[in-house]
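Each of the next two complexes has chain A plus one other chain: chain B in the first, chain C in the second.
Let's look at the complex of A and B:
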């Protein structure tokens, strides 16, 4: 399963503008993480994400929030629900073409949805 | 017809090459045409893909081009590449011309193609960004001509300067005016044309890329010609055009917001004045956007990050059909605004407004209503601006297409154009984008379909 998830997300995390790709369970526990940048660079954002993740997931799953996006100084965090229990979180640098990334993430989410059913 | 689509969403050439090689080895037929679509992530590293295809099928007619993304089965990707290999039951040939002015290239390729084909997939850059030195040369040329323009006493003399400037842009192969290219070629070949007039969304030097029969054109025009059971259709998002200038004007005002009538001083493919202001000054004044500086332009082109998209448009009304073309107004550091259309077919009065995608994705896929074969491969080209307008929501298109087509493959490219001869079912609608008789071209919201019978 992890191998399949990794293969599906590979086109996303192999993008040099993508700093991190993670799949979180509804309780906030990560089930898959791929980090493309030095951890120190992302540490503060990761701590913030950990603190917020449960609340965000609550809004995504219970209040039908389609997606959530947060912009820090030069990093953007985007979160998309994949299934009723899993959310995909992608951390990108400001150089990324967001509209294109959104399209690719949507394709990956569809494929993940299939295997996580 | 048998066909195979090889798609790999990886920008890493090594990984993609492995996937391509595996699939090619298993291919059960010998294709008689190959279409290679390269997204921005692989456009600078196209050589290994071309080498592999050439090794397997050295004599097969082949066309390669830059795209913004592609749609295959349930997936939409804006990275990696896709290859369509087909064994069409009929004749397929690729022609190409390069190293001459846009007009000359159109004439030459039109003569080469000749008559007797049923459909032509025509690929050319409506805007070609040359190398750094040529970009700088063109910036100086623009400056020198602008001094001549300012010194000209009357509008006739000013138009003469604009004409000279236009000729220079065409000669340098920077602009290929879409309607002019289609006009010249269609007069010679008389068959349906699906125009893929490339404009990179994020431009870099020496872009966009076109490859014909494994040769890179810098720049040039290439055509893949089909003789057999094929069909070309065109569709746009807009309401029908009016019967005269005023009627079309009211049509435009009904679906575009904040319309403002403006007067242009234009000739061929150059706009000298908009409301008596230099185009860049007009854009700055109206929308408070600062025009980018020349140095910024060079830097962004070097990084491949110069955005060739603008939410502001000039609506140009055709004096022959009363159709319209939308010309995006970008913040270019130029004194004359270059047009991707031959402006001589439009009135001097135009409309300045913001761009809309009325009807959205549902409206776009109505092109499939023009299908004439029950079983066919439906290859379509859709305006890539839709990616910017809808982002991840473009995925909703897949289910809508599936209701109308069993075998489809699409690419996102700059607003596609078409030449459709009389008798086609599409003429039941008076398309707003028909700016010359049978020629359909505008700057946003179009989709074209090439049906290849299976």
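Let's look at the complex of A and C:
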């Protein structure tokens, strides 16, 4: 399962502008995380995410949001619900091509949906 | 020495199973499969010719065998008839909690390699505070002397793990395994995580598991183990053109250990260490 997830998310995290890719369960537990940058660089954003994730997930699922995005000084955190219980979270730098990323994410979400059923 | 857990896919996450004569805590809320875990652990031992002891504060032998039969483990009844499996219900209020009654019973049941499951430990200690830490520690040390055990703990529905009846056994147990069931279905509905495994490597992260009729708990860990195959240090050192004379015996021993360990990205880690030690540039 983890290998399949990793393979599906590979096109996203192979982009050097993507700093982190994670899958969170509805209870806030990360089931998959791939960090692309030195952890110190992302630490404050990761801590923020860890603190907020339960509330964010609650909001995403209850308000049926298609996506949620948060902008920090030079990092953007984008969250996409993949299934009824899983959210894909991607942390990107300012230089990332959001258009390319959206296509990669849409493809990955579709594939993930199949295996996470 | 290791003891196979009997849970499909779990030994791979524990570096080959539980450590012999250890106390292993299984934490989970209602419906996660703690009783099945305990029974599956005993069944594995029974299949390997060991003795099994199942202690409950809620269920009698009839109920426990009934659960085993509902999964498809009808042989548990035969093991019980043959005296290889003992199921005993205790009344928590009857025991001067964890002292002599329970321990005397366990000691009287030990016969060669024995597996003991206490499912669950919570009724026994739920009303007690942090002052019981020494008593629980003493009880666990006595258990370690005679058997390998699985002790299940009930996770409060509000998820508060700081209560002494939860936190004290978690601190004192050798291994802690956390079972979760979010109850929404899908692949990650039930997940297992090894929180600690004293004196041994263990896998990081959460893994989905299922409860399969006839087989019990099945953890999806097959592809995880593949990532952590051993690395041949000699080949890596040749690849990096390392002058082996520069590496002391102690450092070499540590690098060998690291190369054999189940750590991800060993190659780059060893390279970094060699660079840090100025063995390579």
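Here is the rule we go by: the second predicted complex is superposed on the first by the 117 of 117 C-alpha atoms of A that agree within 3 Å, B and C clash if a C-alpha of one lies under 4 Å from a C-alpha of the other, contacts with A are read in each partner's own complex, and residues count from 1 in each chain.
The working rule: contacts are C-beta pairs under 8 Å (C-beta built on N, C-alpha and C of every residue); 3 or more make two chains touch, one makes a residue touch a chain.
These numbers come from a predicted model, not from an experiment.
After superposition on chain A, the partners chain B and chain C are seen to fit next to each other with no clash.
When the two structures are aligned on the shared chain, A:11 is found in touch with chain B, with no touch to chain C. In the overlay built on the shared chain, the residue A:31 is in contact with chain C alone; chain B does not reach it. Applying the stated contact rule after C-alpha superposition, one finds that A:41 touches neither chain B nor chain C. In the superposition on chain A, A:97 makes contact with chain B only, not with chain C. Superposition on chain A places chain B within reach of chain C only down to 18 Å, the least C-alpha distance between them. Once both structures are placed on chain A, no chain A residue is touched by chain B and, in the other complex, by chain C. For chain B in complex with chain A, the residues that touch the partner chain are 9-12, 41, 68-69, 74-80, 202, 305, 387-388, 391-392, 394-395. Residues 1-4, 25-27, 29-32, 83-86, 115-117 of chain A touch chain C in their complex. Every residue of chain A that touches chain B in the complex is listed here, in rising order: 10-11, 14-15, 67, 80, 95, 97-107, 110-111. Listing the residues of chain C that touch chain A in their complex gives 180, 182, 184-189, 191, 205-208, 220, 223-224, 226-227.
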